[in-house]
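Each of the next two complexes has subunit A plus one more chain, namely subunit B in the first and subunit C in the second.
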Partner chain A sequence: MTTTRRAIESRLEEYGRRARHKALVYLDGDDDGEYLRTPASDYLLRPGKALRPAMCLAACGAFGGDPDRAMPTAAALELLHTAFLVHDDVEDDSDLRRGLPTLHRRYGRAVAINTGDGLIVYAMAALDDNRSLLGRRLAARLAGEFQFMARQTVEGQAMELGWQRRGRIDLTPDDYLDLIMKKTCWYTTVLPLRAGALIAGRRPDQLAALVRFGFFLGAAFQIRDDVLNLVGGERYGKEILGDIREGKRTLMLIHLLTAASPGERRRLQRFLRLAPGERTPPMVEEVAQMMHRHGSIAFAEEFGRGIARSAQVAFEEAFGAVPDSPEKRFIAELVPYMVERDR
Partner chain B sequence: MTTTRRAIESRLEEYGRRARHKALVYLDGDDDGEYLRTPASDYLLRPGKALRPAMCLAACGAFGGDPDRAMPTAAALELLHTAFLVHDDVEDDSDLRRGLPTLHRRYGRAVAINTGDGLIVYAMAALDDNRSLLGRRLAARLAGEFQFMARQTVEGQAMELGWQRRGRIDLTPDDYLDLIMKKTCWYTTVLPLRAGALIAGRRPDQLAALVRFGFFLGAAFQIRDDVLNLVGGERYGKEILGDIREGKRTLMLIHLLTAASPGERRRLQRFLRLAPGERTPPMVEEVAQMMHRHGSIAFAEEFGRGIARSAQVAFEEAFGAVPDSPEKRFIAELVPYMVERDR
Partner chain C sequence: MTPADDLARDVQMYGALSAASVVARYAAKVDTAMASVTDDAWDPTVIASMAVFARETIGPLFEPRSRPERVVLPAVIAGETSAGSLWLHDPGPLPGGRLELSVSPLVSGRGDVIPSSALSVSPRVVESMAAGGRQEVRLAAAVPFGQAAGWYHGWVFLITAPDEPVAVALRVEEAGR
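Entry: the complex of A and B
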């Protein structure tokens, strides 16, 4: 691992530790907790990258704000992200999350779905703390940002599920970018950056450059995420090739559908018409091999590097006028980190 | 059907029509909608009882307010209720809702879970409209009420799932009442009544009597709901005996666990230790027969009538000083309706 990557990861760890600590405070209640607060804390106690709270706290600092004032928002982000993970894992029927069994494998589907709902409630409680901390006006503004973001996320999720259910095979990289803007970028990068900037005192009309930067950064993140699902090593905590089994329309699959020979394409279409449960490991492995053979993975990696270059440019637009600081440097270094990370 | 019941049902229908119409307004977005807005509207277009928006609108009117000012809140209630139904149906793996296949049977589990999340987002958008309609202060108060209620609901749901997963057989009717206060009453009766009163201008400290009334009314509702799952006729839209198959700790089951002979109790325990999928129709039928034989259903019905009498008393406390109005009479008539209804 490079020194920079190690430095970023230790920085992420520090932000993550603080945000998780704060997030866990909101998991209170007067029930016995065994089937709500305990499962709700489960993923939070399996440290993830904590990218979202880290970006929120760092953006707040970079724009001259006090990151402590962004703590409830960072906690809300981590709680909502956890809610999405829990529901996603049920939706995709995944086995592993951060190297351990998914929540529905541990507690059953019913508890997992309800726990995801509970995590949404906890996230809202965290956002409520902004009223006393930041004043009603800014708190309402942030709540509005969260609502818009949540809508983008469920719409993106619906779009992706729709592509799979309809058996879409006519998609282009542009369709993919439209999808991940909704499904991933708003909640992973755009909102955290915007929220941090707002808490630091930026006006809403000063945030357009952050949307562009957040889009490229989030896209680079998602492309790397998809690639890791094919080539991930021991630090990767999800089941390898899960995306192929689910029929996810990744850049690699979109590329392969164009690059494959007519015969391969027919096999691929047959594969995609099966229900996920009918797709056997050898079939999944065959699709992965086709992707290797046709350079679909190299294509996606190159595409990701191109997006990262755009992120670099957008970073200058968004942060160029901001004085140098450790937080600003951290955000700048996230750009190459997004395409290099192995977890 | 008695004239009163017909009158109440037509009143409910009118309230429901208006609330659903308003709720559907919030299902907008810029995706194509086929896998989000269409499934989100599905249950809303299968008219249910609309009890929750009806109580909110009627309470607002009974306390001298303008029900139109309660419309976004009524819509939010119906949207959130629909979100709970969608997620509940996945959690219980139910087949039918309002006489038609459940959402996950139509669209698959993944789309259903995401649609439930989407309905939560739509409900929050509806609540947001309260800011311009009712002013920031009251809007924030109502949002706080919704948050408290949502927490009660997920905690209650977790408690019930926990009882099933732990195989609890030592429960009393008091435990059951504690459960349904959390799981059902807050969101079905207590919050709708309180919200209507707040919108009509009541002060928060004047709402305690509504909690008592709402509790008894909601408990009468839930007990009847459980009984209908055993004896429901053609107007009942869910699968009969589904609660037994799921191992739900209803008053009937709690009664039966006490009333059964030692041999029956052992068979019952064996049944409850099975996974829901392993419980065959003949086993389920046998449990239902035991309940009939031991008077468990009559016990629950009598218990429900007792609760309804308490609701009558609590109604006088809560509404006694309020001038007569069609809305007040409607709420009074809901008490007997709760224990008589067949849907």
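Entry: the complex of A and C
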């Protein structure tokens, strides 16, 4: 691992530790803890990347604000992200999350779904703290930003599930980018950056550049995530080839549907018409081999690199006029990290 | 540069252009949504209401999704010409008094290219448009003989509005199908 990558991961861990500590405070309640707090804290106590709170706290610092004032917002992001993960794992019937069994494997589907709901309520409580900390006006603005983000995320998730349910195979890379803008980027990068900037005192009319930077960064992140699902090593922590088994319309699958021979395309279509439980490991492996053979993974990596280049340009647009600081350097270094990370 | 470098560069450019198109739409969308967030219109206690949260987040799932501006030309086989229209709607005062158009090469997922020289837009220059009016622009692609089958993608650029390209897609089918 390079020194820069180690430094970024160490910084992510520090931001994550602070945000998770704050998030766990919101789990305190009147119940005895066993039925809700214990499963709700499960994922929070597993080491994740903590990218979302890190982006929020770093953006706040880079724009000259006090990151402590962004802490409830960072905690809300981590809680909401955790809720999405719990529900995603149920929807995808995934086995592993951060190297350990998923919540529904550990506690059952009913507890997992209720825990996800609970985490959303905790996130709203964290956001509500902004009223006393930041004032009514800014708290209202942040609540609006969260609501817009939540809409995008659930619409994106619905789109992905709909594509799978309807067996869509006529998708293009543009459709994929549209999906990940909604499903991933808004809550992973765009909102955290905008929220951090607002808390630091940036005016709303200064936020457009952060949408561009956030999307390019988030798209590079998601494409790398999809590639790692095919080629990830022992640090990856999720089920390798799980995306193929679930029939996810990744950039690699979209490319393969175009590049495959007519015979291979027919086999792929038959594979995608099966329910996830009917897709056997040899079938999944065959699709992965086709992706290797037809250059679908290399295509996705180059496509992602092009977007990462745009992110570097957009970073200058968003942060160019801001004085140098460790937070600004951290955000700048996230761009190459997103394309090269191995977990 | 080797052919592999060329291909990698083209795919990177494809990614960058596609992403630029998506983000332009969403930047406008969030500005519109946030314009309604004012002190008077928003009380933060709303976030404590599960009912409001559910209505606002789940409701849009049942609304039709708007499609991006995109032109899909009729599928053809190599050696044939495909043509279609895109419509420019009154963009307000034209920058420099006119609107110029150009079209990028069309690139497939495998890196095959239909060059700009095989593509045409007509008219290339729009000198004026009536307020509230619209202008048809014809787009034609003469697919060279021997062109590989597959989906090809590219852009029509409004030179005076470079951040609003229009995506173009064309499927070249295998001969004999």
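The rule we apply is simple: the second predicted complex is superposed on the first by the 343 of 343 C-alpha atoms of A that agree within 3 Å, B and C clash if a C-alpha of one lies under 4 Å from a C-alpha of the other, contacts with A are read in each partner's own complex, and residues count from 1 in each chain.
One rule holds for everything that comes next: a contact is a pair of C-beta atoms (placed from the backbone, for glycine too) under 8 Å apart; a residue touches a chain by one contact, two chains touch by 3 or more.
These numbers come from a predicted model, not from an experiment.
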Per-residue touch tally on subunit A - higher for subunit B or for subunit C: C
Which superposed partner A:130 touches (first subunit B, second subunit C, both, neither): second
Partner chain(s) touched by A:310 [first = subunit B, second = subunit C, both, neither]: second
Subunit B versus subunit C as contact partner of A:111, first or second or both or neither: first
Partner chain(s) touched by A:90 [first = subunit B, second = subunit C, both, neither]: first
Partner chain(s) touched by A:208 [first = subunit B, second = subunit C, both, neither]: second
First, second, both or neither for A:161, with subunit B first and subunit C second: first
Which of subunit B and subunit C A:327 touches, first, second, both or neither: neither
First (subunit B), second (subunit C), both or neither touched by A:150: both
Which of subunit B and subunit C A:295 touches, first, second, both or neither: second
Contacts on subunit A seen with subunit B and repeated with subunit C across the two complexes: 120-121, 124-125, 128, 131, 136, 140, 144, 147, 150-151, 154-155, 158-159
Contacting residues of subunit B [partner subunit A, same complex]: 29-32, 34-36, 87, 90-92, 107-111, 113-118, 120-121, 124-125, 128, 131, 136, 140, 144, 147, 150-151, 154-159, 161-162, 165, 182
Subunit A residues within the subunit C interface of the complex: 120-121, 124-125, 127-128, 130-131, 136-137, 139-141, 143-148, 150-151, 154-155, 158-159, 172-174, 177-178, 181, 186, 204, 208, 211-212, 215-216, 219, 254-255, 258-259, 262, 294-295, 299, 302-307, 309-310
Contact set on subunit C toward subunit A in their complex: 7-8, 11-16, 18-23, 26-27, 30-31, 33-34, 36-39, 42-48, 50, 53, 56-58, 60-61, 65, 68, 70, 108-110, 150-151, 153, 167, 169, 174
